[in-house]
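Reading through the structure tokens given below for one structure.
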Amino acid sequence: MSGAAPQRPPLSAGRLALLVAAVAAILASLKLSGANPALLLSGKALRSMADFGRGFLPPDVSPAFLRATWKPFVETIQLATAGTALALALGFPLALLAAGTLHLGGVLFEGDPEPRPLARRLRSLPYWASRLLLNVMRSIPELVWALLFVRAVGLGPAPGVLGIGVAYAGILGKVFAEIIEGTDLRPALALRAAGASRPRAILYGVLPPASRTLISYALYRWECGMRAAAILGFVGAGGLGQHIEISMRMFEHRQTATLIIELFLLVALTDAASARIRKMLA
Amino acid sequence: MSQPPSPDAPPARPLPWGRWSWLAALLLLAAWSFSVGEGAFLSLLRGESLAQMGGYAAKFWPPAAEAPFLALVARAALETLAISIAGTLFSVVLAGGMLYFAASEEILGSGGEWEGSSLRRTAPRRALYALARTALNFFRTVPELIWAIFFVFAVGLGPFAGALALGVHNGGVLGKLYAETLENVRPGPVEALRAGGAGRASAFLYGALPQAWPQVIAYTLYRWEVNIRTAAILGFVGAGGLGQQIHIAISLFLESRLATLTLAIFLLVNAVDLASGWLRRRLEAAF
Amino acid sequence: MASPAARPKAWKGERNVEPAFSLENVTKRFRRADGSWNEAIAEASLAVRPGESLAVIGPNGAGKTTLLRLLNLTLRPDAGRVRVDGVDPAGLGGRALRRLRARTATVFQQHHLVPSLRVVHNILAGRLSAWPLPLAAFSLIFPREMGCAAEAAAQVGLLNHLWERTDRLSGGEQQRVAIARALAQSPRHILADEPVASVDPSRSDAVIALLRELSDGGRKTLIVNLHDVALALRHFPRIVGLREGRVLFDLPPERIEAELLARLYEGDAVFGGDTLRWLNLVPGLGPAK
């Protein structure tokens, strides 16, 4: 076998450049974020951390306090559920518009007369508009959305719900669109061949097979919503998060510990519930 | 309600208690959960606060664009970016470090029966495994904001606390994901390399890691995308970056500044999403 | 009934050279799913001279793979002793054990290559026993010792595929990558477990001839598990017949009779039944029945 082997990997120069750039970016980030291992491991830091941590044990499990945490516990569930429900209501329609395979002159359009160029360009408008809208919705963190809404609907859980609703609508919308785009179109095509209109073909041919995956992801979002609801509590949206913030401010760390454990349990319960539901559907 | 037959879709399994009662139950659940708003939603739907909302929304335009403020925003944005990158780096280091304990013995260890895998070594190993897994669980359950407060106590206000918070929290998340990925890796190549005299670490590097690599990259870059969003708000508890500026703008009722900051977050998040997608495609390829 | 060659062969001359491999009354048991024990290897003894080539044949389940794994120090015998180059692995520390293992390169039936790695990395993985960890890590990004990799690749005829992803190669080509990896190890001994099982039958001869050539040229010991009897008889000067974990015979091909092979494969799903008729078609066998 003649011919010398190429002595360098095909992408060597680019790879070296990428490596150098990555290392530079990481070093710059460390500097800019003020990373200082000595600071973390200094006696003062270790003592502060120890004091902080020590205050957490044992968690406050007095019956009086536990009863008092019931309302925030329920509030967190309501917050997360309402937020996810809103996210579904907003995100699902947008996802339908944002799924390219449904609109952008794909296989589902076979048999239709060829539209004029203007009509074809207009057809892609809802696609781009919904994609942009979903992008905006999910690029802004829930917390920021919630803060924006505070002035509009007052303090309390309402802006939290809206915050989760809008931000999660963006995330759900994008993921739903991707799921739908990844769904096999043949059942819908068969329906079209049998004379169904495009919307009908989508409703009966694309959505039912995709529904299991869609529901599964929605359940996952619901679980994430519990954690998000807790964080939003920090800015006054109620629930466990708000009480965690209050107890930390008042240095009642034992109560904070209990609240964190309750949060953990809540997430675990939600995880178990969603797993159960997923199994029922599978 | 019968559906037209679809050629390839599996027949829908009948749900217990019927489809409609499930839907009704879900709607009831949703309605009940909205009641947490204590009437705020109802008034929203009735349009009572719309005028007020309109007036409030108008204050956001035009977004603040004075040069000194824009410079401040740019610096804060860079700081937030730095927090997200440093935080992701810390979490990879933490997760990677814990991996030795958190992944089970098969993938990392066994070269064969001549190694001393006697009972004496197995029991403490299993204990360490359980301990590592519990620690990772703990790291990822405690929300990042709380870690941020903890680290502000330890190292003071500023971005370092934010980066550490992200590092610890995501260390837990990535640790679990890395361990799961590794456990699904085929052990054949690792054993083959050990049979030829390779050490544990080398065999892992050439036998297990390349198999797990695409998934490891995907998870890590995904966490970076999550981290940039979280880093933006950690400033609320004093960890610097855009979050801190937002806190200030809110407290001082400076809506036009809030608009600019929101726009900055939007651009930053999109930039990171794009970079992450590009990096993922670049790095997934074979070594 | 004692088999003809249950004792290790006596050395002729070269009395001071340690055998490359020696098994002394080795037994290896595995636990079955129902809890009972299966003796994969039962009181087997074998001695192989350095640089010798031999083939191990036998029906499915005879213990050929287990035998190989005992020789390459992956498995530990439950009774008896294994020695490589005269060294007993028992009591060896980690590093010494690795050094001992590094003398033997194994080519596995399923190759055990990493599909997503480029061929060059899979080949260079053979050098891991000699490389310190930082070098190994560095080489993944900027490959080192390219000369060694190129030479190994050239020897198996894959020089042009060095930078391709391993999973883009055909099954036969991947098997050759596995052989190249074994060569890169610069071993004293080469073991191969059914190396032509997933190879096109028309190419089997070529692969076995390649293995013979590579080991004879470098004076490396070669032990190959084969299920194709004809292939074994054609290429190897020494054949070991394994049945139910025991060495049934250990002979050069010209002394193997069809009757012996029939006993070896008796009851085997593939070769059983009409064994004799099949065996008469096998060239190179001793006096026909």
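Which chain is which? They are A, B and C, in the order written, and residues in each are numbered from 1.
Here is the rule we use: a contact is a pair of C-beta atoms (placed from the backbone, for glycine too) under 8 Å apart; a residue touches a chain by one contact, two chains touch by 3 or more.
Keep in mind it's a predicted model, so treat the numbers as computed, not measured.
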Problem set entry | Centre-most chain, if every chain is reduced to its averaged C-alpha atoms | B
Problem set entry | Taking each chain's C-alpha mean as its centre, the one farthest from subunit B | C
Seminar exercise, completed: Greatest contact count: chains A-B
Exercise. How big is the gap, in whole Å, between where the Cα atoms of subunit A centre and where those of subunit C centre?
Worked result: 53
For this session: Could you grab the centroid distance between subunit A and subunit B? Build each centroid from C-alpha atoms only and quote it in angstrom.
Result: 10
Seminar exercise, completed: Distance between the CA centroids of subunit B and subunit C (whole Å) is 48
Seminar exercise, completed: So subunit C residues touching two or more other chains come to 118, 141
For this session: Could you please specify the touching residues of subunit C with respect to subunit B in the complex?
Result: 69, 72-76, 89-90, 92, 94, 97-106, 108, 110, 112-114, 116-118, 121, 125-126, 128-129, 131, 133, 136-137, 140-141, 165, 181-182, 185, 187
Problem set entry | Contacting residues of subunit B [partner subunit A, same complex] | 3-4, 6-10, 12-13, 15-16, 29-30, 32-38, 40-41, 44, 49, 52-53, 56-57, 78-79, 81-87, 89, 141-146, 149-150, 153-156, 158-160, 162-164, 229-230, 232-233, 236-237, 240, 246, 250, 258, 262, 265-266, 269-270, 273, 282
Problem set entry | Of all residues in subunit A, those that touch subunit B in their complex | 18, 25-26, 28-36, 39-40, 45-46, 48-49, 52, 75, 77-82, 85, 135-136, 139-141, 143-144, 147-148, 151-154, 156-158, 161, 184, 186-187, 190-191, 194, 196, 204-205, 208-209, 227, 230-231, 234-235, 238, 241, 244, 248, 256, 260, 263-264, 267, 280-281
Exercise. Tell me, which parts of subunit B touch subunit C in their complex?
Worked result: 111-115, 188-189, 191-199, 201-203, 205-207, 210-211, 213-214, 286-287
